[in-house]
């Protein structure tokens, strides 16, 4: 096992974690609110900038920056649900999709105006520490990304297990009739999804740097993943995220670096021709 | 040749068998009613015949052709039209436009004659319009031709759907509970319409709950219960058959019939 | 019911525009707007009339542009001869996309078209040998002059001539769409959009019509790309990317989905507006985003759709 291969696999797992986090956000929000949130990648970008502000401007530690990005994006999510998506509750889903696209434009250009287009570096103490795994050397930051991502997934799983979110996702009206506050659940879901994106941005920031359009490829891939995994399926999002991360890393190594981004889409076309509902999706497409 | 021939038709959804081993036939020129308690598989049967769903096993022959693997548009092309239990119309379009939509199978013009507005195209469009208006007249909607279908009173929306179905000049018309939501007076009107349609040469297959209508209008009746066919034949025999009575025990409709 | 007067007036203004618009930059924007109106109109065929959200139209636009530009610059074809193959290539890809996305609907469909668009623009960028890669194709000559046999030659060097060319193309495309919509094929497409099951039971072959709508729409988008390439005289992979397609969606939505003039109105409005509000140049996209959200929330039928509803309420129909 060449150390280079280990490096690539580790990279794949790291990138996969980021993809998985955002895809989870997309899946959750779609599952509960039936809207594909096209702005989630931009929220990740905002999370990255929040972390940047915490470390660079407010001189806080990286840990605080992570928490900060979760909180700020969570609040943003609540606001977005309340003012942007709730008024659209009765309209055809395409309206929500287009609104979320409008949000993407707003977030991206706000960031551009506020922070400029220069790539920003988030300083993390873990960036300088190096870890040796099976002969390859990886920065601690990459390990942290995976650890935090998995911790988040576990936490989310427990949260969903013990709350009414699942009921609302399966049958909104039924949940309403049972006295569950669907609107509050929608707000919470949006907050959680946005927080997931925010922390993803803060995690990947030290590695890939932060810039206004960084959310674009992220959200497209997240969508591809949720379709592969079945829209609304969180397990599918996680599995899909890691599969994609690994395919990209290994594909870049063995096939071509140039077309790295195309693997996601080739995979998508392949899967959808055979199984239109995705790997874990329900048959109703 | 029977217009519809079902041989051992079964439809299973997972473990649930909505239609169980049904064998029946519908002959040309008759009004054939399918009755049965709620959930007995009647609408599913219609879906199987019209190609909306594939059968799990058994054969469906429509107008002599085995419809295995055919989607709804292919079955429609054979000469079968249908309506739905929850009336489906194009609410945003006018009643006339709805009827015109039903002319699709008789369209003989293509993309280029439409673009060039050839004489043939214009003549064909006029022909379709005339036929559509004819049909609206026949179902009693001629005065509402320019009204948006969504604004038509509920009681008449079913007629819009029937007009759409008739516009394709089918040999076979499947009507799923056409009296849904209709008052007594309106039911009489519908019975009359059904007879007139039959007299024009269209064979009708009907799902119905209102026994009065079924008894008066049907040439033959089939009774479903729990997905299986329990009896079929002429109304007098079927409606007095003890199995049928038992299946319907307690139903207000039957008591009134 | 269809008054001729507004059309004649509108047409007259459009024809007189080069003489009415004195600001050179504004005129440039007008030409761009006309070209993008063609793209928006093409997308409206699938989005507005057939109900399918395609995010791949930027790719069809780019394919048309590249095809024409390559034939003219590398194979030295007569510009006019490149139009049919460019549209055919775009149509072929449109049909391919339709085939790939046949059984999909809703969000699955939209994301698949997005992926398709990305792959196309990626290939256009990476296939250096054919497409010159990220450098793009530059110095695209103006359309080949037409010999008018005794009446001189018609050349297309000036912006005004290019404007009229684009305007003519737009007029032809609008005529095509109008005649399509008011024909049995148009009725079938609309039936598909409103109620697929009902349409199928009326005999509409959903697969066939979906593919037809896609190929026609892609061909038209390709035409827009061809015009773009000769006007700007330079194209690169970004022009074949997703953003043109996204903008087209936005213009249609704000102009009015599924209306006849919505795409044109939306494009004209949104392309020229920023110039008129010169001070807000930097905020252009930000405001566009806000406008999108406001439109979806308060006026989902768009400008034309909203005007139509107002008109209806006024005349009491």
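Letters A, B and C name the chains as they come in the text, with residue numbers starting at 1 for each one.
By definition in this document, contacts are C-beta pairs under 8 Å (C-beta built on N, C-alpha and C of every residue); 3 or more make two chains touch, one makes a residue touch a chain.
Being a predicted model, the structure only gives us computed values, none of them experimental.
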Chains in contact with chain A and also with chain C, listed by label, are none
Argmin over chains of |mean CA - global mean CA| returns C
Chain centres computed over CA atoms; the one at greatest distance from chain C is chain B
Whole-Å distance, C-alpha centre of chain A to that of chain C, is 33
Per the C-alpha means, the centres of chain A and chain B lie apart by a whole-Å value of 49
Distance in whole angstrom between the CA centres of chain B and chain C is 42
Listed in rising order, chain A residues that touch chain C in their complex are 30, 36, 84, 87-88, 91, 93-99, 101-106, 108-110, 113, 220, 223-224, 227, 231, 258-259, 261-262, 264-266, 268-269, 272-273, 276, 278, 285
The residues of chain C that touch chain A in their complex are 53, 100-101, 103-108, 110-112, 114-116, 118-119, 122-123, 126, 246, 249-250, 253, 282-283, 285-286, 288-293, 296-297, 300
Interface with chain C, chain B side, in the complex: residues 50, 52, 71-73, 76-77, 81-82, 84, 88-93, 97, 100-105, 107, 109-111, 114-115, 117, 121, 125, 128, 164, 168
Per the touch rule above, chain C residues touching chain B in the complex are 176, 179-180, 183-185, 187-188, 190-191, 194-195, 197-206, 212
